[in-house]
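Listed below are the structures to be examined.
Next come two complexes built around subunit A: one with subunit B, the other with subunit C.
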Partner chain A sequence: MSNVKYILGHFEDPDDMMHGIDKLQENNIGIYDVYTPMPIHGIEDKLGYKRSRLPIAAFCFGLTGTITAISMIYYMLVYDWPMNIGGKPSLAMPDFVPITFELTVLFGAYGMMFTFFYANHFFPGRAPRVMDFRATDDRFVIAIDAKSNPYPDKIEDLLKEAGAVEVKHNERKYVSYE
Partner chain B sequence: MSAHNESILREPLITGENITYAKITKDILVPVENKPTKAWWIGFGIAVFFALTWVVAISYTFWEGLGVWGLNKTVGWAWDITGFVWWVGIGHAGTLISAVLLLFRQNWRNSINRSAEAMTIFAVICAATYIFAHMGRPWLAYWVFPLPNQFGSLWVNFNSPLVWDVFAISTYFSVSLVFWYTGLLPDIATIRDRATGLRRRIYSILSFGWAGSVKNWQRFESVSLILAGLSTPLVLSVHTIVSMDFATSLEPGWHTTIFPPYFVAGAIFSGFAMVQTLLLVARKVMKWENYITMFHIESMNKVIIVTGSIVGVAYLTELFIAWYSGVEYEQYAFLNRISGPYWWAYWSMMTCNVISPQLFWFKKIRTSIWASWVLSIVVNIGMWFERFVIIVTSLHRDYIPSSWVMFYPTAIDVLVFVGSIGVFFTLFLLFLRVMPGIAMAEVKLLLKSSSDQAKQKLIRDAKTDSEQAEFYQKSLEKFDSVSNKEYANI
Partner chain C sequence: MGTHNQHTHNFTQQYEFSGKAKTWSLIAIVIGIVAIAYGFLLDPAENHVERTFANLLLMSYYFTCVCAAGAFFLALQYVSQAGWSAGLLRIPQAFAKVLPIAAVILIIICLSGLLTHNLYHHWNGEGLTVKGSPEYDPAIANKAAFLNVPFFTIRQVVFLGIYSIFAIALARFSNNEDLEGGLKNYKKSFKISAIFLVIFGFTTPIWAFDTIMSLEAHWFSTMFGWYNFAAMWVSGLCVITVTAILLKKAGYMNWLNDSHFHDLGKLVFAFSIFWTYVWFAQFLLIWYANMPEETVYFYKRWEPEYKLWFWVNIVINFVAPVLILMTRDAKRRTNTLLGVCILLLMGHWLDYYLMIMPGTVEEHPGFGVIEIGTALGFAGLFSFLMLGQLSRKPLVPKNHPFLEESLHHSI
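Moving on, here comes the complex of A and B:
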């Protein structure tokens, strides 16, 4: 048995790559992942990825911001140290709208960003798990796990047929660790 | 996405022949991957010189106190707040381009959003320096936040628009920074994967481990959309709140309900003018004519004419309402603006903001690079005068004639302002050297659908109506980056 771990099909054109995915799926070959230099719309449906739940997270964080702002202002200006400003009520809701809004946006944006980083395991200094250096430049790369799909020649033919310009049989998963 | 063809009637967003994904990466990374050019060094040298004058002027201010400025008992806000509002206004175009135009699916934003966002961040930094400087005792700047303190705890007053502004500006800066940096991740990864040695290491840290996998992109798009949705009301709220610093006071000339929309329009107006000032130079020096095309320039000029006209209507409305209100203080404030000792500021504002942008109705002017650049600077000057007029001419003669005075800036006032422009350009030029000035991934998205080469191919393959093809090719005449040789035969 060969030491090839991953087979990478390089495409120059995103439409050819989508065609390649179709071809592989017709032949029941599982796709490990696809690396592209730009977002490809419709690829998640094809590969059966679920919708991202980040918007829900953003909503929850935003709501947290709203509640934080209102309770903070209420505590400070109404409960802890009410001030008599021309005999007007201390609970001056219209005045509290701008800051409540700003904190909603702030919490929503930052909460969602950190969730995004957490979900993707992004953090400064994380070793990039790059399978091919050109996947962030001009190549659309389909990665296939060679261990669970042990027919490299067939895969290579299918990819070439779909328009792959290059097929690599890599013995290492990530080239970036070299 | 790439499978569908855009209508042939739409003007191209990428011009040039034989543009490939690799070429886009290469062209955009020229300033990042090569030694800086002479033009960059000259620009950077001038910018750093002015930035240093800012350091000197601001240090002197902190050392001596605010007495070194031209402020007096009547005019307590002058060049500092003028500079602050001017910079915050300039900042608005970046978020508008990246957020509002994203929600409206305006694809032409893709090649100008990154540098516009960077401009926003640097402009807001410049604005923030005025706030700190204006406090007089900047080491007590944390007093603006609701922190527990030894006074009992005496909290900040949330009824005050100045406190709203603290939250608005800091939220705006933070959210713009996130929006900008998240958008940069894929492009940083591109630089990382093309670099070697130490450069790779540095960009590797900055890239947060971006790989470009399906899930990365899916979440990225989701984040971009939601951030755009959050930033859109945010950008409108920020200048609204800045305008409330004035509008909630009882000062004649400030106490008007028209301020929020009028300030927001003015902010977009000045922001687009600054984007135009920067990008017209950048596209020439960096040779990005194929990505920032005449269509982009013309579109921005159209935004400038629309917002400039809104601002013009607001000026006239102010005058009318001042007269119609029957309030003599209000009437005098405006009479004083037009014909008082600061008449020249008012009329500079009127000329630069209302009259000269109307020249953009002429297509020849709108599509001329020189005219666009000169007018964009005229607009920036006009918008500075607008803030000066609002602030100083309202304050210097308000209610009691015995306290009427004139405001004269000192050399320090001038140096702090000119210096802040130097700080801005220093930051912007450094940005162009280390990060891609155009969002590469987003431009790549347009290559197959909205580029001139894709459209010419459609015409060549006779897949379009010949009348429409002719219309399309006629629209290319104004493009400085397309020559007739590239036209396909219809």
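Moving on, here comes the complex of A and C:
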């Protein structure tokens, strides 16, 4: 059993899986991650996940967009080539608002998207890797790091007790769709 | 999912309308009546009758808008088949049930203002549309086919009548659902909601053109209808949120959790930005095109009497909610949300003030007994009627098909 890296408990029912998480936590067994085919309410709190930092990234990208827009318009319409448009001053702030708004949204949206892709290892040519194929289909999977948690038999017993239909011992972390 | 279906909520819980809420509502109504009587009879200012009428129009329009927003909220939830809101639907239903009364008050005030020439005198005056008369105004004469007293009255009555019928029907279907169960009433609500939203969407701009924009009949803006819709929807959402928070604080509706308030907060936040968006869309085009017949609207609001209010309006209705409600935690803290909603309700009073006053009392606006008293009076009338309606039925539509989803709402 020494080659086993991860123990995966398969559940067919999300309530059984939540029960399984409780059982493992009661016995101080660290859970590496949980994979479900659909979102489960309250699971982040249960697993103690921290709040996503994506909004901070979004704010920074948005601010970059605002600054880019204002400096671009300022350079073009006030510094480099001031024009008389309807007798209004060159630095006419109401004019700048729509473009500033649009660039803020554009930078914020694209920045968030690329940050998300980067954090989740999504980019062209990369085959998606998952810990178990059926976690994207019909099984609710709890993954436990076998190296840091001794007594694999006890873990298997706890999972079975909670209603696991299958317990897998994987020697590789990921399987690839390739 | 067997384990999720246990809850300890009391579905027969009914709001008991008594004690402080009732006393304060009645006191506010009395203050309102006294202030209106003072405005009509005693106020020493020269334009006191006109100013009182302008305030009555402001508050009755605000009142009707909030009630109509309740009906709109209901229709929107049914059409989108929303689950999260099922537990709080009785609140907008109470608003919707008050809509007919609000509509009658608004129509009475509009018509009496019209007939006594205290409101709408820009298009309703002696000889304005008669060729050869010294008062003849070609711009108004060209609009006379639309802006005349009989057609104006018909539009007000028809629009508000239709909204009221749909509002009452939605509340009735929900009550039938309580008694009969099953999906029949939900499906009916879905159908009439879809019809209502189409009618409401096409007629509210015209209604706003009539009731508010025609105060300055020479000026026009096609954005004005949406601008008023945005103000109506934000203020309606704020009143729904305030009512929900206060009910929860008073020990009712314990099934409402942080996530419900978070969602309401998101709606208030988003539609404050939407309000600013349409406000600015109207402003930018007028400012950019710089045509005298259009800029006159902002010119009047840029005079010393209104300039300060003009800026305060933007700060309260845009800057404040954006900065305060930006974070997730702020929307989940009910005290913060309550404060912002009350601030926004005052902000939208100011917004209506800026729409109405320059077209009625022009350069002699005031802020005193009449303004505060009328506002308090209508707020009291609203809470008295709305809480009275709320107390008649259980606080939860117990056979709503998505109720279970609402009880476990979590975001």
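List of remarks:
The working rule: the second predicted complex is superposed on the first by the 172 of 178 C-alpha atoms of A that agree within 3 Å, B and C clash if a C-alpha of one lies under 4 Å from a C-alpha of the other, contacts with A are read in each partner's own complex, and residues count from 1 in each chain.
We adopt the following convention: a contact is a pair of C-beta atoms (placed from the backbone, for glycine too) under 8 Å apart; a residue touches a chain by one contact, two chains touch by 3 or more.
The shown structure was predicted, so the numbers you read here are calculated from the model rather than taken from an experiment.
Once the two complexes are overlaid on the shared chain, A:Asp15 sits against subunit B and subunit C alike. In the superposed model, A:Pro98 lies in contact with both subunit B and subunit C.
When the shared chain is aligned, subunit C comes close enough to touch A:Gly86, but subunit B does not. When the shared chain is aligned, no partner comes close enough to touch A:Lys147: not subunit B, not subunit C. In the superposition on chain A, contact is made by A:His41 with both subunit B and subunit C. After superposition on the shared chain, subunit A has more residues touched by B, the comparison being subunit B against subunit C.
In the overlay built on the shared chain, the residue A:Tyr49 is in contact with subunit B alone; subunit C does not reach it.
Residue overlap on subunit A between the subunit B contacts of one complex and the subunit C contacts of the other covers 13-15, 41-42, 95, 98.
On subunit A, the positions that touch subunit B within their shared complex are 12-15, 18, 33-44, 47, 49, 52, 54-55, 58, 62, 72-73, 76-77, 80-81, 83, 85, 92, 95-96, 98-99, 101-103, 105-106, 108-110, 112-113, 116-117, 119-131, 133-138. Those residues of subunit B that touch subunit A in the shared complex are 1-3, 20-22, 25, 146, 152-159, 161, 163-164, 167-168, 171, 174-175, 178-179, 182, 185-186, 189-190, 192-194, 204-223, 226-227, 230-231, 233-234, 237, 241, 244, 440-442, 444-445, 448. Subunit A meets subunit C in the complex at residues 13-15, 41-42, 51, 86-88, 94-95, 97-98. By the touch criterion given at the top, residues 1-4, 280, 283-284, 287-288, 290, 328, 408, 410 of subunit C touch subunit A in their complex.
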